[in-house]
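Alright, structures below, take your time with them.
Below, chain A partners chain B and then partners chain C, in two separate complexes.
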Partner chain A sequence: MQDVLNAATLGSIYLLFALGMALVWGTIGILNFAHGATFMFSAFIGHLVTQRVELPMLVIVAIAVAVGAAMSALTQLLAFQPILRRAKSQHAAEMRILIGGIGIAAIPLAIAQRETRSSPFGFQSTYSAEVMEIFGLRITTTGMIIVLCGLGIGIGLTVWLRQSRRGLALRAIGVDPETTAGMGVNRPALAFGTMAVAGGLAGLAGALLTFQLGAIAPETGDQLLIKAFAIIVLGGLGSMAGTVLGAYILAGAESFVLEMNWGTWVDAVSFGLIFLILLVRPQGLLGRKEVRRT
Partner chain B sequence: MSTWYDMNVILIQTTLTTLLLALSIQVPLRFGVFSFAGVGAFGIGGYTAAIAMVRFEWSTWPAVALGALLAGAITLLVGLVVQRLTGLYMGMATIAFTLIVSVLAVNGGDWTGGAMGLYGALGEISIPQLAVVVLVVVGLLQLTELSSMGRRVDAVRDDPELANAVGVNVVLYRRMSFLVSGLIGGLAGAMTTLLRTTITPAEVNFHLVIVSLTAIVVGGSRSWVGALIGSIIFVWLPTWIAFVAEWEKVAYGFIVAAAAIYLPNGVLGVIKDGWHRFRTRDERARAAAVAEEA
Partner chain C sequence: MISAWTRKSLLAGLATATALGMAACGGGATGSGDGGIADTITIAQVQDQTGAVAYAGVGAKEGAELAIEEINEQGFLGDGVTIELEEYDTAGEIERASSEMNKAMADQNVSAILGPTQSQQAATVAPLVERMKVPTVFTQAGAEGVVINDWTFRATPPMETYYEPVLDQLEAEGAKDIAILYNATFPTFALLGEDDIPAMTEERGMDIVQSLPVQMTTQDFASQAQQIADEDPDALIMLLIAPQSVTALGQLEDAGYDGAIRATSVQAAGNISEAGDDANGLIYPVPYSTAMDTESSVAFTEAFRKKFDKEPNPYNADGYDAMWWIARAIEASGDSSREGIREGLVQIAEEGYDGAMGEVTFEGNDARVEGVLVEWQNGKERLVE
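Let's look at the complex of A and B:
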């Protein structure tokens, strides 16, 4: 049972990270390769601030969320929007967005690596984690917050996307951008907002993971990026519930591999999953064919 | 001339091997296949050649040939498996393949030397020999860019349905692009490894994908000339500008992002456009004059 709880904590981190990517990719069709860098850099800015002053947890998280949202929104405004405006076809735009994202991701990564000399960084905070015991299971307060945040935001976003008018507009863009624009949806504004929300989620994940582990390395974002891709593909692109499911499945599988002492094979789980799902069920567990973008 | 050559032997060598790696990614792109399997082939070729030399005491060129052939065969197999995927899905599946190669290398035990990698693969490859190999590869690729073959490749990329309709076997062409990409990638890996005498799993990572992709995007993705321009820019830029050497990775990030946004066809595209404008300037002047009279 303790292992299940640990896997749930890991899965919640994956979920918070993957939700932002899934939201952006599944609706406005942008696979943002700078998402991992946004995640890492938000936590890094939190680290820089807490080097000057010691802050309570909530303030640090707020800073990270704000930085993440700002970075992501700027990426959209300065890179992806111009690419979408200039590109002739959806296919050409996709590839240039991928490459542009890779380029943008290299910038904050290089800055953080330079400042920290590639060593892990953490926060100085007035907050200190306490170990709680529920039904004989041990969990830190940080772990508790992560699980609650992950599940809460995951379910909240799923419901919002299904129920609200904005959610409807976003899903419509995912199916047919042209017609949606014709029906009076302001695509650039909605895309801008979606990217900002996704960036905020990345910042939240970055801050929480740093609290959980004590410190993260600048390269953490890159590894999570591939895992998040595996999660989205597994769950089904365009399905938020699928992303929630995928995150916990991946975390469970990885925890199992670690538990069996096959530690060096952990990374192969996500890579193998990508391969397997794409071949056996390309639309993912909960995905529908028509929403799929290629 | 000879002092310049002596001073820059390493840089010339790196330029040539980078060019080969970039070509292994560029070939499938020219066929409209978004595959990064060439980087995985780089790893397979490198490890095969190193194992053949260190464990079986083969001499240099048979080891290189074995590495290239094995990498080509495996990449072709991967191509057969993933060929029905399109766009980003193909890209990520092949990235997953590349990363699996590196996980296998970590877990290869005595064969691959685990996480420490293989040492002491002392190949005897001189720069002129390397240059000859590169020239042969480039010469063969030039054949696929000229005349009717070049037009068929363009059709397979830009309009597969049309290509099918006029009797071009699109599926066969795409499979061949995997084979060629694997052969060139394996060749690049084998030669790079034997020149450096070592290979570690950490070398076959996402960063290598980025380097090769970057070279193509900045140089130009439609011709080997573009890959050459890109390789030269990326290997030599730090030696030309001290500022770039200090902020190398940040500068690369900016260059890649800017190229993705503003130069969809790379430096080569700009040069070609410029040449075209230069050649047609009389014609355009005449047309303008006619328009003014009318």
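Let's look at the complex of A and C:
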């Protein structure tokens, strides 16, 4: 059971990171490769602030969320939106957005690497994690917060996208952006807001993961980016519920490999499993066939 | 991605072709081996200044700068003779290391090179330096396949050569059951975790009760920490890169493991400080520490503090010793050409020297030091007797 709980915590870590990326990719069609850098840089700003003054966890999380939202909104405003404006169609802009995201990600990464010399960085906080024992199972308070946040936000986003009018508009953009714009949906405004929310989620993930892991490195976001990419494809693009499921499946597979002490096979087995699932269901576990992205 | 890779390969190929072409055309004074010491001697530092392990390259640069300042101020190589450092950033990429090395080697003003700190980069360029006949002193780059010919030298002793004291100390403490948690995709740790430490434990009658490999991309150690806590070995040998070790220490504590933990010099240079109290009591061997009390180490520590107003680390010591080794080599051979420096490096390696890392001896072109064990306690290292 302890292994299941560890896998649930790991899955929630992946989920928190993947949620923002899944939201923008599955709705406004932007595969944001700067998401990892936003995640890392939000935590890095938190680190810089707490080097000067020790802060409570909530304040650090708030700073990271604000930085993440601002970074992501600026990315949309200064990079992705101009690319979309110049492109003949969303489809034509996709490759340019992807490359643009990689280019933007390089800037905060270079800054953080330069400032830290790529050494790990964390927070000076008044918060310190406690270990709780529930029915003989051990979990830290940070782990518990991550599980609750991951599941809560994942389920909340799923419900919101399905039941709210804005959620419907966002899903419509994901299916056919040109027609949706023609039907009166303010696509640039929605895209801006969605990117800001996704950035906020990246900031939240950055802060909580830094608390959970003790420290992260400037490159940590890049490593998580690949896993998030796989999770979204596995779950099915456009399906937040699929992202939730994909995160826990990947974490479960990794935990199983580690439990068997095949540590160096983690990526090979986990991504091999995803590949096999996608052979059977190319649209992902909960994805719809008609929603197609590169 | 394919096109980017192709472009890089083409650039690297062009750089190689240019370098080979220039070498074939004869070259300048540095390559001629005519003898004598030039007024200005250029040493290229081809190491990571950015990227994931930039701390090693940047650290070596600071150490080298201090050494150059001392060499030039003392007139160590003669009146008016100065050494200059020229930087080339390998940015943590193997293909970039190859192309930057080719650029440096093609520059006939470059007399010697401080080679890449990452083993994969170093092993890639090691055959090139023999082809181009440029003496190259590597710092760090502890894996096999780096010091492989007459033109390759290493100023940092490989980790396994000074790891024995860790096992000696554990034996003295009565530890019998040992667990190993290691990054199997990091060549130095793979060698240490799979070959050297098992051999060292066997010699001492200890048992390896767990051997847990992880990848470079592993970020969460809850599963491994739980397995270790359940096994409860007398000691854990943790061979992880800097951010991994911070996480692993916290999660081992959370999982309830309270046995001894031994690590590596990667945890030095303050890399473990973010672990806070979880790192207290962590013991690891280092080739250099500010806590060392040998005369040459103390002199380096004080000089570094004075110049940079901060504490030196093992990477600073690497660069310092490597640059002084080159300077001594030039003085010994009386020749600042590439061939002259190579001959001098061999001569100095036979004699050994006292440097930041204390008494440095050599096996062939490869440095050896006794190293010291240090314990991390409340943000500082202290020597373990």
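Just so we're on the same page, the second predicted complex is superposed on the first by the 278 of 294 C-alpha atoms of A that agree within 3 Å, B and C clash if a C-alpha of one lies under 4 Å from a C-alpha of the other, contacts with A are read in each partner's own complex, and residues count from 1 in each chain.
In the analysis below, a residue touches a chain if its C-beta (ideal position, glycine included) is under 8 Å from a C-beta of that chain, and two chains touch if they have at least 3 such contacts.
Because the structure is predicted, anything quoted here is derived from the model rather than measured.
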{"item": "Overlay on chain A: chain C relative to chain B, clash or fit", "value": "clash"}
{"item": "Touched partner set for A:83, first chain B, second chain C, both or neither", "value": "first"}
{"item": "Contacts of A:267 with chain B and chain C, given as first, second, both or neither", "value": "both"}
{"item": "Which of chain B and chain C A:10 touches, first, second, both or neither", "value": "second"}
{"item": "First (chain B), second (chain C), both or neither touched by A:125", "value": "neither"}
{"item": "Partner chain in contact with A:158 - chain B first, chain C second, else both or neither", "value": "neither"}
{"item": "Touching partner for A:103 - first (chain B), second (chain C), both, neither", "value": "first"}
{"item": "Which of chain B and chain C A:214 touches, first, second, both or neither", "value": "second"}
{"item": "First, second, both or neither for A:113, with chain B first and chain C second", "value": "both"}
{"item": "Which superposed partner A:278 touches (first chain B, second chain C, both, neither)", "value": "first"}
{"item": "Overlap of chain C and chain B interfaces on chain A (superposed complexes)", "value": "110, 113-114, 264, 267"}
{"item": "For the chain C and chain A complex, residues of the former touching the latter", "value": "50-55, 58-59, 184-185, 211-215, 217-220, 222-224, 226-227, 242-243, 246-247, 249-250, 254-256, 269-271, 274-276, 278"}
{"item": "Chain B to chain A touching residues, read off their complex", "value": "34, 81-82, 85-89, 91-93, 95-97, 99-100, 103-104, 106-107, 115, 206, 210, 213-214, 217, 247-250, 252-261, 264"}
{"item": "Chain A to chain B touching residues, read off their complex", "value": "31, 79, 82-83, 86-87, 91-92, 94-100, 102-107, 109-111, 113-114, 222, 226, 229-230, 233, 264-265, 267-268, 270-272, 274-275, 278-279, 282, 293-294"}
{"item": "Interfacial residue positions of chain A with respect to chain C in the complex", "value": "2-3, 6-7, 9-10, 13, 110, 113-114, 117-122, 129, 131, 138, 140, 143, 212-220, 223-224, 255, 258-259, 261, 263-264, 266-267"}
